[in-house]
Each structure stands twice: as C-alpha cells, then as structure tokens.
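Here chain A shows up in two complexes: once beside chain B, once beside chain C.
On to the complex of A and B.
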C-alpha cells in the first residue's frame, strides 16, 4: 500500500486528461462488446431485419407505382435502407430503459460519487462502441449491397461530409436519449412515455420511410423536431441527394440541436439530481 | 478548514406514498394520493476527528445508510448542518468527490463484463491520477488484498468475497481521505472478512484516513472501531467507546459457577437467576446487574464453589437487545 500522505488529487486539469478519459471509457466499450461476440452478431441480425422489411415493402410499392415513389426508385430505396443500417449502428446509444436500470441497480449512485458527470463517461463509452459496431456491420452491409444492388450517387464531397453528419446524428440522439432518461428521476413507470417517443421517432426521423415519401404535413412537423437529423439527414447526404448549401444548413441545425439539447440536459439534471433520493439504490 | 466530519441536527424525511390494500383503495388512490412522512434520520449530531475509525451501528432501517448517503452527497438533507472535510457534501464539488469514497457492500461499482483491472484504469482516468502513482497504489493494494490474477478475470466470474475485495481496491485507488463503508463485509466468509478488515486498518494507519463504518458483524466493529455510534429509529442512542456499549445497554450479568462434585444434591438453581446452561458441575446464570453481588454471595455460601466468573453478556446479545427496543425506549 502506498505510504504517500493523502492529499487532494490533482484531478483532470488539461484537455489531454479529458481525452484520456474518453479513450479509456471507449476502450471499455470495445472490450465489453468483444466479450459478447455472439450476442452482438445476433443483435446485428435483429437490427438488419427492420430495414430489410422496409426495403422490400417500398421497393415493391415503387415497382408497382411505375418505377418510383416520392422521387425514389427501387434501387434508391435499397441505397436508402442500406445506409440506414450503418446510421442505425452509429446512432445507437444509452436507451432510457437502461437509465432506469441504472437508477434501480444503484449504478447511478456509484457514478454520482465520481468527480465527473456521468454523461461524459457515457459519451466516451458510446463513442468507443462505434468501433466494434462498425466492424460487425461491414460484412452485413456488403451482403445487403450484393443482394439489393443499390443506387448511390454520392460525389466525393458528400462521401467526405457523411462522417460528420453521421457523428452529429449520434450526438443529437445521444443528447435526447439522455434527456429522456432523466424522466426516470420523476417516475419509475416510464414505458408508455418511452414508447410514445420511439413512435414519434419512427415516424418523423426517416426511420420508417424517407421523409419525402411522407405527406406534406408530416414533413412540416418533422422540421420542428430533432429526429430527422439522427436518421434522414446523414442517409440523404451519402445517397447524394443533398446539395452543399443544404448540407451546410443541415449541419448547423444538427449542431444547434446538440447545443440546445445539452443545455436542456444540464438544466433538467440540476433539478433531477435534487429529486434523487437513492432509497434502496 | 475543518478536516473531519461535523453533523448537527441532521434530519432526512422521506415522503412515502401510502394506501390500504385492495382494489377499492387502488382505485381511490388514482384520484387521491396519500403520502406519509417517514423520518429516516431525526436530528442526529456527532463529530468525527480526522483519522478516527467509527462504527455506525443500528438495525435495518435505523437510518445508517441514509446518513452515509447524506455525508457523501448522494442525498439532500431535509434539515440540519453537515460538513465533511470542510465541504457541504450536497454541493458535490469535484474536489470533495476527489477525496471521499462510499463502498456499499451490496452494490457493485465495477463493470461486470470486463476485468477489474480495466475498471481500475477508468477510475485512474476519471480521477486524473498520475500513471506512476496509480500503478504503485494499485499493485500494492492488489498485493495486500491477495487478489493476484483475479483482477484479470471478468468481474462476473468472481466469487462474492473476491468481488468485494476487488471493489475495495477500486474504491481506494484515488486515496480518499474519508471512507464511508456500508456493510463492506456482508455475505463474505470469515477469512475474506478478516482480509478486508486488515486492509481497512492498514489504509487508515498509513493514510490517517477517517472511516465511518456500518456492519452487522460485531467482529468487524470490535476489530476496527474504538468508538461506536448507535442509531435507532433515526436517533442516536449511544456515542462513545465500544467498550462502554455493554455497560450502557446491558442490565444483566452472567455468573459462571464451577462446583465440586455434589452427588445429585444440586439445589433449585432458578432461585438465583435464569439458568443459561447446566453441564456437569459448571452452571451459567443470568442475573440483573444490581442483583449480581448478592447472588454471588449466596452462591458462595450455598454451594461448594471452586471457581466463579462474573461476565458481561456477549456484545451480539447486547446489540440485539438494543435493536429490539421500541422507538419510545430508544430515545
């Protein structure tokens, strides 16, 4: 045991220390993911079923409607849903149910005793998680590509812009999932609210169907919600359907949702933490 | 700036929903919810000096964990004053959290899916520990706890005792000045308990750290704490030397009498006190503290006594009787 006298530790003082923390948290995610290889592959298959169903349905509809619907050909639908699978892997984050488990199991209490906000370690963890997720996705993406022969017309700048849109899609979803998770501080029975949120996300994010295929009113509603920036926007960028100016605006809106969402998280957190009684946790 | 723990009139009241059993009550509660105030901690005051190890005793629901959670900043007190290392815990300042730890024996802080060693690395990054200091502390603690290669196995594969030892190392890597230990030896076998106790003792000795410990195992308290605070129904019943506990709470004495062979002429022993055991020529009697001198004299006069011992009842028995006290008596 160290014989050094106890003293206030220096703590994280530089940007390097913060980066070190994100890297270590991310590494934990990679190690954790590698522990459950079979479960991850099963999960990947589960994730793929959803877009494949959409893909088959909409390709069929497009073919019966004279080759295209809402400006998408069957091959473009294939492209849309194949990119969807990658975006889905990237915007996966801590779900609100997980937040609830964390409170009930007393994990949050332990995290609150550390000199860092839990959202920071979560961020590092889920950023690291992208590495195994992308690796698991690659063979499935290739398989889908050969099966459905997609049409993707991205130019070089769109291919380069895609990772940025993809990363911010994750940041937007991460922030709002965290915000939703904070509801658990007020009530334990949160299933109905979560399901409502996920239904809205399904409708207004482009997850179920490209927004252009939706009625005009739905597109207007979607414009005021954060959801489309987590699915539709990055998919459209890589599909090559976004012009430079649209990308610039879209990216700024993503940043706006992240900044606004984060401010909201911090505001709610301040009140949530006062409610946290940790009885039995 | 004060470096110990100061608590004055600390109170925590939980608002708990309340309703009768049955469907009718469930329907009524949909429209009209009733709440009840539960005083988990009720005007508690004490001070702990730096470097002290204090046992915090009480039955389940006495308010021990609630107090520890308030002291570590996890819970907001309803009223009262408290200060730990000069900080107001509820503010949860980074420099405060950097200097404390709370170990809850029934809760795991380590990531179950990866080896403890990897969780330790995350703690290093979170607490911003210099690499060399971290490695030195970690390796020395692993050695003292005799964890060896166990820290390289995923935590879910460890036994309860092994996990607890690994948890203790993780909780102390940042070398906190104040340790709140809530049942750190719960569910682990005697050997592991002893190892954990030694570890706490060593840490306290080398780092002059303040320790507030709750445990249902009297062996833990006896080995570690010169001073104990007994809490019951949210109020402090006793705050003083461990050795004074029996004196304060036990109204009984045990008389152990050994006699020479009486060839079946043993008188009725119940007239002296409650017979605890009667084996060959060795008799154990329970008598009230005030009657002990007279009963001893009568036994010496009436029986061919070869040996006589006057003992306090076992500490577990004393504590048990304190815990069984109704709230009115526990004031």
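On to the complex of A and C.
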C-alpha cells in the first residue's frame, strides 16, 4: 500500500506502525460508541425498523402467493432481512456529507498534517467501530430471530465464507463513499447528487428487495454497479443460496471493485487536494 | 383565532425568508420526486406479484401511500422544523425569549417555522391521492368526504402531539435527535396497511406511535371502510393524546432552567 501522505515526508513506515495506527483509530471509535449508549440503542431501533417493514411486506406477499415468490419462502425473506441487519451494521461507513463538514470546519487542514492519508485513519476508525456495532447488534439479532423464525440453509463453508464477503462489502462501500465525498472539494451543492446516489443504492443493492425479486431490467442494471456487493452478496452467502463457484466469482468482483475504487480515490484525491485551501487554524 | 393569526404571521415571515433561495424549490422537488418514485417502484414490484396485500387492492394501497406521503409532507413542513428549532433553543438557552412573550409557549414554539418548499410533498401526495381515488371509483358522498377530512386532521393532531412529547424530553436530556430520527423511521411503517404487521408491532403502531390512526384510518375512510364507531374512537384518542402532550409540556417546562440568565 502506498502512503499518499500529501503533506509530510513519506518516510519509511513499518507494518507495525500501520497496525498501531489502526488500533488507535479503532479504539477511539469503540470509546465513542460506548459513551452514548442510549443514543446507540435508539439508533439500532432506527436501523431495525427499515428491514422489519420490508420483511413483513414480502413475507405477506409470499404467503398470499402460495408460500413463495422469486425463489424465496416467507421464512427465507425473514432470514434475508435478519442477515440484512448485520450486513447493514457492518457496511455503515463515513457518509459523504461528512466531507463537506470536514472542509468547512477546517478539520481537514489538521488531518493533512498527519503523516498518514486521512483515508487510513477513517478506515481504522470504522474497523474499530465494527466491534461495538456487532455487540449492539447481537441482542437485536436474537430478538428478531425469535420474532420471525427465519429459515437459513447455510452450510459450514458458507458460514465460514460469510465474514470474508461481509468485510469486503464494507470495503466496497467505504471506498465508494469516500470517492463520492471527494465531490465536496468541487462544489457545496451536493444534496441532489448524494440523494440520487443513495436512491440508486437503495434500489440496486438488494437493500430494499432481494435483487432476484426485482424485475429483470433492474437486475441487469445492478450487474454494472458496485451496490449489490455491499448488501445482496453477503446476505445471499449466509442465507445459503450461493454456490462455491458463484462465491469465488463474487469475491473476485468485490476485490475488483475495491481495487478499482481505491485507485480512483487516489487519482481524484490528487486533483482534489490541489483545490483545497485551509480554513481555520 | 389568535393561534391562526400567529401561525399566519410566522409562516409569512418564513416564506419571505425562503423566497430568497428559490433554487431550493427545485432541489426539494428533485428530492421529493426521488422518494416518491422509489415508493412507487416498490409498490410496482409488489403489484407485479400480488393482487392484494392484507385485503387492500392496488388502488387502495396507492391511496394509503398517498395519505402517507401527504402526512409526511405536513410533518416536514410544519411539525419537524418547529420541533428542531425548539430543541435547539433549549440547548442554547434561547427558549427564555419565547417564554417571556405574552402568549402560550406551546403555541409559539409550534408555529414559528414553516418550511415552505416541503409543501411540494403535500402537493405530490394530493396528486397520488387523486389518482388513487379515480382508480378506486368509489361513489362520492358527503359522509365519505367528511370522514376522510376529519380523520386526516385528527391524524395530523396525533402525530404533532407525539412528536411534541418526544421533543419535550429535551428538557431533561439535551440530546434527543436520535429519538426524533427513530420516530421518523417508525413513521415509515405507515406506507403499508398496519393490518399486515404482527400483533406486537401493530399494537405499537396504533397506541404507542399512532401511525395507524394517522395514515391507515384516513385511508380506510377514503375507501369506505370506516365505521362511525371507529371514527368516534379516533376522536376520543386524539383528544386524549393532545391532552397528554399538553400535560407533559407543562410538566417539562418546570425543569427548564434557562442558560442565559
């Protein structure tokens, strides 16, 4: 990994330094998350309501249509949206709006003085964040399990493959959110663009509806977008609906989106940073 | 009467203020159009698989969505912006200035803001409703029109009261925006008939956070399902919730210590 540190000397950094940096950034995230416990619980409810609505609607539809639609039974829809909640916890990342705030408040100026690229500290922060996020998720996951009695047919290898798909789902989403955030260097009129992006993600990621339930045209569009690798793919793996070869391909595509996205981030960053004028101290 | 005059005055100021930023109208139109389109796409996907959902046919489900969207627009135009401003005031200690005015404080904090561009959602909601009504093809009658408008107004009062209660918590816990976010996401459940939800959730959506009364009941009125008994029950419940909200408001006010003094 190249250190594209923009302002400091790119001196020799050992692997240990990298790990230390991630651990520190990650610990910060854990502390922050544990500080506002009530707020976190409310946030969980806020996160959970969305899939519960989808789950109920699609289970109801499946039940009225003789037990299944699009290859999902009502209990499999329950499984899909319960895994959804875990995937959602994991692919939570820095929103692109954050960049606007960073630039406006002059935070970025301070971050640029550090000897590492800001994307690295962000990554460390959000990786650490996964620990409390998973802890907060556990009781909710168990509760949903008892309430909706899902059907999950994962074999052992799929259970083992799931964490990999899950991690890369996060990496894909993290990279593209960062890329989108860089737009803030050029303009402040970002709301329309970001809303459009989130709408596309909602429709073509499997967040709203499993892609197989969507019409054929939507599935073909989704094939050209990174979104399904952040929701649909990891969910399907743990649901036990992905064959070994499909998993291999899927994982390669995830890696491809991460590498491509990261290269794009670095390329755009080089131009973006030239436009930046420090505000504040 | 005074309430209406105050509301008119404050909304005029807000509208004049917003008129300086006319481009925001197009932004709002774009954003509201996106959410509307997403909602309609989901309805379309559901319709491609089934004729009815929880006993509601396509046109009737569209009517529910119309009411949902309209109510959301109402909250976004008046209720939510006012409550945000109120919570900010508590945090910053600016509420003192409101409390010293010779008017009812609950009224004042509820009418100060008017997010005029969000009216776009109200208009879009009305259009969706109009389409749904023509598709349903129900015989128009005075009873129907009355029941629909009455339940709509009562639903609005109920949502306002619930959100006011949640905001009042700001007197104790300064940071309550997560609670507001949570309420807004729970409101999303209203886009579908509450009858499809499992019992525990349906009861919560009826009595705890009255999404059922705010969206499903007006849609029931519109589709000729509303019985006079349910209408009466809705009225009683509305009065009860509004009364409770006012009680809690006064109770909370006692805990406000001010920050400027």
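Some points to look at:
We take it that the second predicted complex is superposed on the first by the 266 of 281 C-alpha atoms of A that agree within 3 Å, B and C clash if a C-alpha of one lies under 4 Å from a C-alpha of the other, contacts with A are read in each partner's own complex, and residues count from 1 in each chain.
Basically, a contact is a pair of C-beta atoms (placed from the backbone, for glycine too) under 8 Å apart; a residue touches a chain by one contact, two chains touch by 3 or more.
All of these numbers come straight from a predicted model, not from anything done at the bench.
Of the two partner chains, chain B is the only one touched by A:32; chain C is not. Looking at the shared chain after the overlay, A:121 reaches chain B, while chain C stays out of its contact range. Contact with chain B, but none with chain C, is seen for A:24 once the two complexes are overlaid on the shared chain.
Of the two partner chains placed around the shared chain by superposition, chain C is the only one that A:57 touches, whereas chain B remains out of contact. In the overlay built on the shared chain, the residue A:66 is in contact with neither chain B nor chain C.
More residues of chain A lie in contact with B than with the other chain of the pair chain B and chain C.
By the document's definition of touching, of the two partners only chain C reaches A:202; chain B does not.
When both complexes are aligned on chain A by C-alpha atoms, chain A residues 36 touch chain B in the first and chain C in the second. Across the interface of their complex, chain C is touched by residues 36, 38-39, 42-43, 45-46, 49-50, 52-53, 56-57, 60-61, 64-65, 69-70, 147, 191-192, 195-196, 199, 202-203, 208-209, 213-215 of chain A.
Taken together, the chain C residues at the contact with chain A in this complex read 27, 30-31, 34-35, 37-38, 41-42, 45-46, 48-50, 52-54, 173, 175, 178-179, 181-182, 185-186, 188-189, 191-192, 196-198, 200-201. Partner chain A is touched in their complex by these residues of chain B: 14, 69, 72-76, 92, 94-95, 97-102, 104, 107-109, 111, 113-114, 118-119, 121-130, 133, 136-137, 140-141, 144, 154, 174-177, 202-203, 206-209.
On the side of chain A, the complex with chain B involves touching residues 1-13, 17, 20-21, 23-25, 27-28, 31-32, 35-36, 105-107, 109-110, 112-116, 121, 273-274, 276-279, 281.
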